[in-house]
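Next come two complexes built around chain A: one with chain B, the other with chain C.
What follows is the complex of A and B.
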C-alpha cells in the first residue's frame, strides 16, 4: 500500500516536472537555391511550462512557422529535440498529436465548400470524439468563438476573421492540454484582431499551455507570460515582456523621414558613437529611420551629417515605445 | 474491447462515411470528373462498337461495353485519388489532417473510394447507352455474381489508385506520373486488346493489376465466359495486397514528406 502511494506520488511529481513544450538545440535546414543550405531554425532551445503562454516573436523568415510545424509533427527537425508533455515529436508523433491542438493561421486550411459544422464534424471524427459528445461539444465551441448563427454557412463565404475563429474552434475540439497557434492575427483588421486576442486570452488559455507565434510585439505583450524573440532561426532574447521593454530604458529614438537611404547608410549610422541600433522602414516613396541612442548623447547632428545629399523630410525625437524595444532587438548588429 | 477503442473504431467509420459523402458531393459538381466517369466510357464504347462492327469480330457486345466502362473507372480512380491529395495540399489541409492522430491511410481512403464509386455511375451509363444506341441486350448471365463483382471491382481499383496516389503525399509534382499510368494499365488489363496477345513477361504484370481481374469478373458474370467467381477472388486478394503495400508506403512517405517539408503548399 505505501509503496503504491509512493509510486503514484513520484508519477505526479514527474508529470509536474515535465514541461508542456520542451525544445532543445533544435535545427531545421532547407535546401535553398543552387543547393545552398538554408537554416530556418538554428540551435533553438525553449521551454513552455504547464499553464504558461509563451510568445515566439520575430520578423518574417525568423523561423517561427517552422518551429510551430515541428511541434505539430508535420515537419521533422534536422537535429535537436522537441517534445510535447514529454512525448517526442519524432519518436512518438501519434501520442504528441493526441495532446496537441493545432491552430495554423491563414485563409486556407479548411474545407471551403463545406459548412462550419461539417468542417468541425470531420475533425471530431478524426480526433475520435465519441458521437454522443460531438454535437454538444461543437455547439459549445461555435458559441465560444462567436460563430453560432453562421454554422450552416459555407466556409468560403466567411471573412478572414471568421475563418480564423473556426480554426481556433477546430484546434480545441479534443480539449488539448497544449495549443500551438501560428500567427493567428495575421491579415486581420485591427478590431477583429483585438477580439481575437480576447478570445485567445480567455478561452484558448483556459488552463492550457500555449505557444503563440506572432510578429507583433504588442500582441505578445498583451497575451504572453514570457516572450522569446527569434531572428534568422536563432533566439536573440527571452524574458517577460516587461524585462524586454526595460532594454530600451534610458534610450531615445531619433526618427528621420527621408528618401534614398541604402544599406550602406544604415551600416555607417550603426557605427556612429552613441548609436545602439538603427531600424529602417520603407513606405511608398519615403523611408523612416529609427535611430536608438542613449539619453546622454545627442546623435542628431552626426546622423544628419551622414545623410547629407539625401532629401530629409522630417526629423523628430521621442521616448521609446514597446515596439521600439522589439525593433531595437531584431535590428541590432548581426553577429 | 474497451469503450475508448469502440469510440475510435466508430469515429473512424464515421470519418470514412462523412468524408466519402462530402467528396462525392464535391466530385459530382466537378465537370472534369463527370466527363471522366460518364462521358468518356460512352465515347470509348461508341468507338469500340464501331471498330468491332467493322472488323466483324464475334465478341459479345456486353464485354465490349464493360471493358469501356472499366477504362473510364480506372481513369477516374487514378486521376481522382491523386488529384484529391493535390487538392488537399492546395487547400492547405494536408498538414492539419496529418497532424491529427489518425493514419494518413484513413485520411486518404475516402477519396479513393469516392472516385471509384463515381466509376459505378460510369458503368451504369455505359451499359445504358450501349443498350439504347447499339441494341446491346441488357441480359446478365449471373446477376448475383455481377452485383458482387461490381463493388469488389470498385474497391480493388480504388485501392490500386490509392497505392499509386500515395506518391502524391511526398511529391507535389506526381501528377505527370499518374497520367503516365493511365494508358499502360488499360493496355495491360485487357481493356484494349486481349491479354493473350501481349508478350509473356507483360502478361505476368497484367495478373498483378486489379483492373485485369475486374474486367474478367464483370464480363464473366454478365456474359458467362470464364469463371467470374475466381476473378472476384483475385480482386479481393489483390485488394489485400494493395492495402498492405499502401500502409507501408504511406508510413514511409509521410516520414519523407515531413523530412522534405512537402506537406505544405510551396
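What follows is the complex of A and C.
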C-alpha cells in the first residue's frame, strides 16, 4: 500500500501529466437550411501541453471558433470530449471556467458605455476576485496592456487596438492557467498587431498555456510552439511551424496579378499537370493567383494560356513561404 | 503564481456579485438612458397614460379619479420593473457581451437576481412620481400616515413586476423576442390587473388570470392603504408570494435555457 507521501507524489505527477487542453474526437454539428446537417467540427483531437502555445489555423468556417467556444463552455459539443486541466467542459463547466481566460477578437465582449476600469471591475466581480485584490490587479493589468491613463475613458471611444488590449486585460483578470485567444488580431493595424503579439508572448513566458485561433500564418509562426490546421471542421495537419514549412520543400510559386479571374479559372488551373495547389486573393480591383508547382515543372506557359483573354498585370516566381505551406494545405483535395 | 485569485471566493464575493455587479450591469446596459431619454420614456409615457385614464374614467362616470390614479401609478412601475430585467439578457446579446458573460464562473442565480434590485427601485420611484402627479392635480389624496405602508406597497409591487421581467429576460436566453414578450405582458397587465377595469367587469376566467398576474394585489393594497381600509398586509403577502414564485421560475428557466442555448448555439444570435 502506498504511503501518504507517495500518494501525494502520484497525485502531483498526475496533475503535471494532465494536459492544459485535451480534445478527443470532438464533433459539433449544426442544422442548416432544409434540415441539412453541417459538421462545424468533425472528429477533432488535439492536445495543448502546460506552458505551451498552440495555434489553431484555418480559413473562415474551418471550425476554429466553434472549437474555442466549446472550450469556453458557451457551446456544447455533439460528441467527443474536451477538458481544461482535466476538467470536462460539459460535465464540470464551472471549474473549467475558473481556470480559463477568454480573450475574444473584434468589438464584441466589452460594455461600450462603461469605462475601461468599470469593465474590469464588473468582470472582477463576475470572476469572484476579492475586493481588496481587484484594484491592484486591475492597475497592474492596465499597465501591462498600456491602457493606464485611459482607464477612465468609456470603451466606446477606444480604437480597435485599445479594445483588444482591454480584452487581454479582462481575459487575464483572474490569473488563469489556460488562455483561449479567439482571432485576437482581427481588424487591428500592423503596429497594433505587433504589440499584441508581444503581449501574448509574455503570457506564455509567465507559464500559461495558450490556444490561439487565427487565420494569420505569420502570427502563428511567430508565437506558437505547434500549430494545427483545420479545414471544413477536420484537422488536416499538425506539427511545429517548421515542420509545416517543410511540406513546401521542392516547390516553387508562380504569382500572377490579374483581374477577372473566376472560380472556373481556378478549377482549370488546379487541373493542370504539375500544379499542386492554387490560391486566389482578392485586392479590390485586381486578384493575385499563387500557383504552387514542383521545381521540376515550369507551369508558367500553361497557366498564362488558361488566363488568355484576361488582363494579366504582373507575373513573377518565388520561393514558397510559410503562408504558402498553409495555402497549400488548405487547397489540397480541392484540386 | 498563476490561477489563484478567484479561489479565495467567500460570502463577500457573493454579496458583491449581487449588489455591485448587479448595479454595474444595470449601468452598462442602461447608461444611454440619460435624463433626456429617461424622463419621456419612464415618466412621460405613464403621465400621459394616467391623465388619459382619469379623463376617460370621469367621462364614463364609473369610478372617482383616485381609482384610476392609483391603478395607473402602480402600472407605471411595470415599465422599469418589467423591461429592465427583460432587457438585461437581450441587451447583452445585442451588445455582444453575452458570450463573455456566460464564460465566467459567476453564479447565474445571484448574477441575474442582482439586476432586479435597480429595476425594483426605479419602478417604485416611477410609481411614487405618478402618485405625486395625481396629488398635484388634486385627483388623489395621500395621507401622511399612509406613506410607510404605501412605500412598502410600491416596493413589493415593483419587485413582483421585476420578477416577472426576470422570467421574460430568461426567455431571452433562448429567443430574440424578449422585448416583444415584455410588451405583451405590460399591456396584459393594463387590461387584466385591475388598473382601469375592475375584476368584476371581466369574465370569470380572465379575472382569475388577472389575479394570478403580478401587480393585481399590489394595486388593490394601495387603494386600501389610501382609503384607510384594512387588508393591505394580506394582499401584499400574496404579491410577495407571486414574486417568489416568479423568481424561482426565472432561475429555473435561466438554468434550463442557458443549457439549451449552448446546445443550439443561439447565444450569439442577434
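By definition in this document, the second predicted complex is superposed on the first by the 328 of 335 C-alpha atoms of A that agree within 3 Å, B and C clash if a C-alpha of one lies under 4 Å from a C-alpha of the other, contacts with A are read in each partner's own complex, and residues count from 1 in each chain.
Criterion: a contact is a pair of C-beta atoms (placed from the backbone, for glycine too) under 8 Å apart; a residue touches a chain by one contact, two chains touch by 3 or more.
None of these values were measured; they are calculated from a predicted model.
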Fit-or-clash call for chain B and chain C when the two complexes are aligned on chain A: clash
Chain B versus chain C as contact partner of A:206, first or second or both or neither: second
Most chain A residues touched (candidates chain B, chain C): C
Contacts of A:301 with chain B and chain C, given as first, second, both or neither: neither
Partner chain(s) touched by A:191 [first = chain B, second = chain C, both, neither]: neither
Touched partner set for A:37, first chain B, second chain C, both or neither: neither
First, second, both or neither for A:175, with chain B first and chain C second: second
Which of chain B and chain C A:109 touches, first, second, both or neither: both
A:128 touches, of chain B and chain C: first, second, both or neither? both
On chain A, positions contacted by chain B and by chain C: 30, 69, 72-76, 94, 97-98, 100, 102, 104, 106, 108-114, 118, 121-123, 125-131, 170
Partner chain A, residues of chain B touching it in the complex: 7-8, 10-12, 14-15, 18-19, 22, 26, 90-93, 95-102, 106-107, 255, 258-259, 261, 263-265
Touching residues on chain C, where the partner in the complex is chain A: 1-10, 12-13, 16-17, 20-21, 24-25, 27-29, 31-32, 95-97, 99-106, 111, 259, 262-263, 265, 267
Contact footprint of chain C on chain A as seen in their complex: 30, 66, 69, 72-76, 94-95, 97-100, 102, 104, 106-114, 118-119, 121-123, 125-131, 133, 137, 170, 173-177, 206-208
Chain A to chain B touching residues, read off their complex: 30, 69, 72-76, 94, 97-98, 100, 102, 104, 106, 108-114, 118, 121-131, 170
